[in-house]
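Provided herewith is a single structure, encoded as structure tokens, for subsequent inquiry.
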Amino acid sequence: MAETKQTPKYTFKDFQSGQQVRWCPGCGDIAILRAVQMAFAQMGIPKEKFVVVSGIGCSSRFPYYMATYGIHGIHGRAGALATGVKIANPELSVWQITGDGDALAIGGNHFIHEIRRNIDVNVLLFNNRIYGLTKGQYSPTSPKGMITKSSPYGTIEEPFNPGSLAIGAGATFFARGIDANVNLNVEILLQAQAHKGTSVVEFLQNCVIFNNGAYKDLTDKETKDENTIIVRHGEKMIFGKNKDKGLMLDEKGKIKIVKIGENGVTEDDILVHDAHEPDPFIHVQLAGLQHPVVLGVIREVRKETYCEALERQMKEVQAKSPIKNMHDLLHSGNTWKVES
Amino acid sequence: MAETKQTPKYTFKDFQSGQQVRWCPGCGDIAILRAVQMAFAQMGIPKEKFVVVSGIGCSSRFPYYMATYGIHGIHGRAGALATGVKIANPELSVWQITGDGDALAIGGNHFIHEIRRNIDVNVLLFNNRIYGLTKGQYSPTSPKGMITKSSPYGTIEEPFNPGSLAIGAGATFFARGIDANVNLNVEILLQAQAHKGTSVVEFLQNCVIFNNGAYKDLTDKETKDENTIIVRHGEKMIFGKNKDKGLMLDEKGKIKIVKIGENGVTEDDILVHDAHEPDPFIHVQLAGLQHPVVLGVIREVRKETYCEALERQMKEVQAKSPIKNMHDLLHSGNTWKVES
Amino acid sequence: MGNNGKSIVEEKDHVVIKFAGDSGDGMQFTGIRFSETSAMMGNEVSTLPDYPAEIRAPKGTIGGVSGFQIHIGSDHIETPGDYADVLVAMNPAALKANLRWVKKGGTIIVDIDTFTPQNLKKAGFDENPLKDGLTREYQIIQAPITTLTKEATKDLNIDHKTALQARNMFALGIVYWLFHRDLQYTINFFKQKFKNKPELAELNKRVLEAGYNYAHNIELSRTYIIKRAKLEPGTYRYINGNTATAWGLLAAAEKTGLQLYLGSYPITPASEILQEIAARKDLGAIAFQAEDEIAGVVTSIGASFAGKLAATSTSGPGLALKSEAINLAVMLELPLVIIDVQRGGPSTGLPTKPEQADLLQALWGRNGESPVAVLAASTPSNCFRYAYMAAKIALEHMIPVILLTDGFLANGSRPWKIPSLDELPDIKPPIVKEGELEKYYPYERIPGTYVRRWAIAGTPGYEHVIGGLEKKQVTGEVSYDPENHEKMVIERENKLKEIQKDIPPLEVDGPDEGELLVVGWGGTYGHINTAVHELRKEGYTVSHAHFHYINPLPANTEQVLSKFKKILIAEMNRGQFFRYLRSEFPQFDYRKYTKVQGIPFTVSELKQAIKKNLED
Amino acid sequence: MGNNGKSIVEEKDHVVIKFAGDSGDGMQFTGIRFSETSAMMGNEVSTLPDYPAEIRAPKGTIGGVSGFQIHIGSDHIETPGDYADVLVAMNPAALKANLRWVKKGGTIIVDIDTFTPQNLKKAGFDENPLKDGLTREYQIIQAPITTLTKEATKDLNIDHKTALQARNMFALGIVYWLFHRDLQYTINFFKQKFKNKPELAELNKRVLEAGYNYAHNIELSRTYIIKRAKLEPGTYRYINGNTATAWGLLAAAEKTGLQLYLGSYPITPASEILQEIAARKDLGAIAFQAEDEIAGVVTSIGASFAGKLAATSTSGPGLALKSEAINLAVMLELPLVIIDVQRGGPSTGLPTKPEQADLLQALWGRNGESPVAVLAASTPSNCFRYAYMAAKIALEHMIPVILLTDGFLANGSRPWKIPSLDELPDIKPPIVKEGELEKYYPYERIPGTYVRRWAIAGTPGYEHVIGGLEKKQVTGEVSYDPENHEKMVIERENKLKEIQKDIPPLEVDGPDEGELLVVGWGGTYGHINTAVHELRKEGYTVSHAHFHYINPLPANTEQVLSKFKKILIAEMNRGQFFRYLRSEFPQFDYRKYTKVQGIPFTVSELKQAIKKNLED
């Protein structure tokens, strides 16, 4: 991002739009909004270079609350909007806000394709496992059996794991945050911004109205340390209230949970998190883990982005082609003159 | 599938529709058609129970050549069509014919959702890495850099690996065939049919006109044994002209290729293929392997299908609900009488 | 029924009541209780909820106000009413938002406890309006509802917050007293609803009675009795448009013996149709919540091929998304019902508000020459009939049928005389049974109808493949032949036209010739009809014709129109039906009266428009 | 130029030649060579390829025949011609498929080597037609093309198969002799094309000359000279509709200094537009091949927000898919060009054939009141102008513009006088520059135009959020206010109407009043205009008005129509423009002449229809 003038110093308030926040009191979206505003203030990017786009859903009202450029789009198309903005102007820092319905139901195709193309967009997926805005139907991430307005007897569908899907589509960056942990979220958002390529961040987000308590075990003081693990590249994957549990691979290459001090396991045996390993075989396991749920940046590998490749190709072609403007093009190939 | 009368004995000819096959001479579709007709004849399913649906593309003209029920749909919607037919009547054997464009470009969303729901459909994905019918634009599986009508300077996009995507979406069955190997294809198709749940079969298919030779190394007599490995559940993963190469896991759980007899490796060390392992960490590696390319059934795990769950729930509800017909429904809840 | 003491009892033909409060105040619930009680006590009722787009819009603000309007009376209650006789305002914002919709001289009940400076400011009042001129223009009941609710429940073993959630019942109690309503229906309802939580049943009952007694004690000067309506005898229930639509489809399924398959994706204000059918696993109905609208309709097409009564439900943006696939159904000539619950557009527009601006999209929003049948329901309860008829036409004519309703019908409720299935017309789809035909040609048409036969996948002997490419007449093979294409285009057109034979003639309410015919279609029926009736009572000569069948139009349409000098088309868009009729029958003098505000017409504005057109 | 010996040389104003053979026979290539040579020799030219839907349809069958028709002449060559004067049939199937399109008395050149019993059977001939009456009705040249091609190339070091692929050049050689064409242009072309494979250049040259010499030797009784056209002086090139469309967008981008962004998904017959722009990385154009049509248009909307000249290209089914997103652009009021290359519908229909049946979809195929501008090009080369104008209107009026072309225009080619960019009108988008405004209100409209200003994402100081919900006038905040909604609906409508001021008046070709005006729009221009001109030459009084601006219509439309007693609307659908005009101006006597066969009108059928309407 070429900067000519000095970027002003911001605080999160500079990113508040002044529009009244209309989410339900207690909605997880509110805490995530705060984390985003805090993170933006730290990025050193001029305000006008941010573009925040979204689809439709409770979460998708997000752009209205940001004092940046933004589009509140149509349902499911956030990924395509973000793609268009970024390709059109790679100097913009593009943030895509999307729900589990918006990104994974109607928008599933754009989601996997922007990941495949490695468009340098930051995708913030607000996963409350429900359709909030339409008042409580199940979503593609609702656990099988969940009772909702449209599944009065419980759903009969397996949910997606957004991380597995993203990695299956070729994701170069996948992280997971959780609404309540603002500091972790800021940390993740800064890494997402730093990553060149599509950064998919799944936020586990509580919907107090239609799916309250979905992540209670992961946020409650008493239980969260046992039920979640925060991973960081280069650090050992240790968790638990007493930091006495960790992840290891078994002889088949499968992740297992071990207790340090039991069965001869020492801290040295615990696996070091390698977010940069290109082959995703461990990242898919981390993303898929149900217990503990993995938070933090699970995968971060560098590949050429779409815009980088486009720029590279543009330059190559322009260096070689004899056609420099419309006149050249119009007169290229077979032409003939008619004299008066 | 409840059968009342005896199923007739068929040969592949019974599944020929009599319509003239209009693919280009030499098109890989022709050999796959033959394999499907041969496999259908062996399935013991009455002809009228087969429904073959497709989207749009060269490959999607397939239903016209089958003497079964079928729909030649619209572009990208083969997965949704198949889903509808199957849910409506689980007794039908539903086959979805789709191209790499049809399934993975415009139809990507239906593809991942039918997999997620584990609809018991057999998805035959004809992957020629090109848009054939529209005369040669690149597809989501075209290798990066490929020159096509719409990428005159080479594509700048990473391709999908259909197997990784399918497994990321939760596939219970993934296999890979190749047009030229009719016997292997018949073997795979029979297993796809036997599998309850979405069976995704990727056929590597040569398009002689717009992407000729895409799989030359995998089909040429001289090179194919070195470049492909055929896996079967319970068998050791050995390949090579001299059957002297095999797959093993390294200490990190990553697949490596070894030579039997070299560095102390014996046949006993070679990994036995376990298609039934629910955790997909090895299957994703097999599906993603570039050299050798893995053919055969890579993954086959059993989970409740959508239709099974639907039937289960219908039964439960019907056993409990006091509402047995429209009259009951109309008169349920608050009603009142107006007397004359 | 209570004893209303010394106050004057006035008898009324009809009256409009509006409950308004914060989204969390339970106004919908309150309104429905009042409506049900009134219906059971023999009134005609028409209701309309009105809620904000946000799930929980900020408390105490105008944007967060949720309302429920009820019109009850003795006869011809066709709309929820323009202006309220009684407004219940649970807080200042509710008052602010609704004041302009209260009749001068009407009654306003407020929870005076909520009129704090803070709340007044949130609502945008500069000063307390109750101290102001307001008290001169309206009869204002300033009830300390919050305080008295606490008071009434303090000896119950119930936490503060829960207790206060019953505030709405206090207000309802006041209104019940005002209109001499019987509390028993509501108390019974609590018992039923809170079967497993008797303490909640008791709580609500207590507060309701407390409100009732409060009204009794403050000795209001005037209470009202609403005359009973002259209703046809029968069993009645309360129904809204979305439920009626869902049930109409279920009825068609039962009548034909076909299983119902609905492929749908949630969208306001249509989601309830999906939800209603999802709840009907007991009746064997399949509701498939698809990944998007396209999958919704395409899976339905697959289900139709497999022999189901296939339907899909959505609202405007969803209909746009489905248009390519509807065209496939046009080509396949498979039965399919598409329900579009219209809302304010374009784009996301006003998602919770009604509008009638999808008409041209329904008629022509597809590539190529693509005839589909278009129907429109006109009252919440007749959504049942038109959903049923849509299914009948789709099944019998092997054609996609779009049924238009709208957010007003979808959410509006009416008491409805429950029909018996026997009264409904038979449905006879052209299914071919095993062995019935020597050879099956998928596009051979049944003489005199243009309808092709339906060989359901799985039937032995009729294996065939159909698709979206143009096909040869009779055999259905792919054909690029120019003349064949034109013939098929015309066959599809003719098939649509043939439906005319199966639909009732257009009826005229009022004299069937004269100066002015007011024409409407769809959800504006109640307002237009009321306006016309009132004007006739006032001595004007004016008639009303309302279209439920839009494509094809009823056979007598031209004839009906020809009998009037002027035709005024009233619709909630910028003149789409006007354009359509004019393009069909250009010879008449059409005028239009349109409104695109995301709210229904008022009867009074319609009357004015009609009078104006009568004059010039 | 060769010496034609003893044969009679006839001078002609114009002549139609058709090359036909198997898909693999290179007929398109041959036809283009002939057309180019003719154009360079000073003729007017109009061409139309005609190929099967299959990539390689079965050899030797009717379904596999690929053709290329060329109309050359001295002036007013507006169509590729109805009937051929000369047919080249490379095999029996090509003869069978095209015989009915050859003028009685015309010349037919066949490769007699292919007339084997087997091939005759494949083509569906019961017996050899050449032995039959055919020789009496046509002048038939039975050339042993295959044999002589082999012969001519046997001393070249080239394999059999490759050599035979040059058979088409033998046929071309014959035709060149027949029309006194110069071989040099084509020989130069070979040199250029096969720069790196000189043996192929030599091969093609040899065979071409062999054909030419063969024709010379068999001493045909009659050869033709085509008069030169009186063309405006200038530099010319050959261009088809799709290339012209793509280039029109590129020209608009260069003129405004904005980068072109095309988000598209391949679909016949529009894919070439994407391909042409993908090839223009040298001009900095971005062609994004999206995952589907929806992503195609939505990424374009994103690009528009980021300040690009944004466009998307598709055909009918794709337009249906884009409709929801186009509506978003309507709400966002961002510039966007949508190109619909119409093909036969409904559904997949006749994907390689032209039709004009997407008109109503373009006008109204979206939910809600959704005004977009609609334009239509009318000749392959003026696709350039109308693509340019579509971009200009979109950019200047901040509105989505749909440009309709069709498969006939897309694939048809015409010599085209290359314009200079200076001739093109300026384009002035309402972009606001940094610091220009104190405060930016996204929906504040520029007085007198209804156009809002465009603050491009990234510009400091104008940060703002827009979306698909209805928005407040001026500020653009979300608004559910009823009156505001209606006002915004009307503002969007008025913004569209304002475009009228920027579009030229409707012109009349012929007398501007009278008995009959023939009206057309889009790709039928050439046929209608030719028919009208011919009729006028024959003494009839008839005029022609052709619409390029459809929404809004030119300001003088009503006035133009009012001057004629009857208006005959000719279109390739079932009467969509007829319906539109009638709904706009119901007072006139409209008639329609329609054809939905996936093939263009013929001039002769149009003439008949016009005469009939002149009479009654």
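When the chains are written out, they are named A, B, C and D in that same order, and each has its own residue count from 1.
Quick note on the criterion: a contact is a pair of C-beta atoms (placed from the backbone, for glycine too) under 8 Å apart; a residue touches a chain by one contact, two chains touch by 3 or more.
None of these values were measured; they are calculated from a predicted model.
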{"item": "Chain whose mean Cα position lies farthest from chain A", "value": "D"}
{"item": "Pair of chains joined by more contacts [C-beta pairs], A-D or A-C", "value": "A-D"}
{"item": "Centre-to-centre distance between chain D and chain B (centres being mean Cα positions), rounded to whole Å", "value": "40"}
{"item": "Interchain centroid distance [CA atoms averaged], chain B/chain C, Å", "value": "44"}
{"item": "Residues of chain A engaged with two or more neighbouring chains", "value": "56, 74, 105-106, 108-109, 113, 140, 153, 310, 313, 317"}
{"item": "Sequence positions of chain D contacting 2 or more other chains", "value": "63, 281, 291-292, 317, 324, 327-328, 347-348, 467-469"}
{"item": "Partner chain B, residues of chain D touching it in the complex", "value": "54-58, 61, 63, 265-268, 271, 274-275, 278-279, 281, 287, 289, 291-293, 317, 347-348"}
{"item": "Chain A-facing residues of chain D, complex", "value": "36, 39-40, 42, 189, 231-238, 247, 250-251, 254, 259, 261, 263, 280-284, 286, 288, 290-292, 294-295, 298-308, 310, 324-325, 327-328, 332, 417-421, 457-469, 477-478"}
{"item": "Interfacial residue positions of chain D with respect to chain C in the complex", "value": "52-53, 63, 315-317, 319-321, 323-324, 327-328, 330-331, 342, 344-353, 355, 357-358, 360-361, 363-370, 467-470, 480, 482-483, 485-486, 489, 493, 573-574, 576, 579-580, 582-583, 586-587, 595-599"}
{"item": "Residue ranges of chain A touching chain C (in the complex, touch as defined)", "value": "20, 22-25, 56, 58, 74-76, 105-106, 108, 131-135, 137-138, 140, 149-153, 209"}
{"item": "Touch list for chain B against partner chain A, complex", "value": "105-109, 112-113, 116-118, 140, 153-154, 156-161, 164-170, 249, 252-254, 279-282, 284-285, 288, 303, 306, 309-310, 312-313, 316-317"}
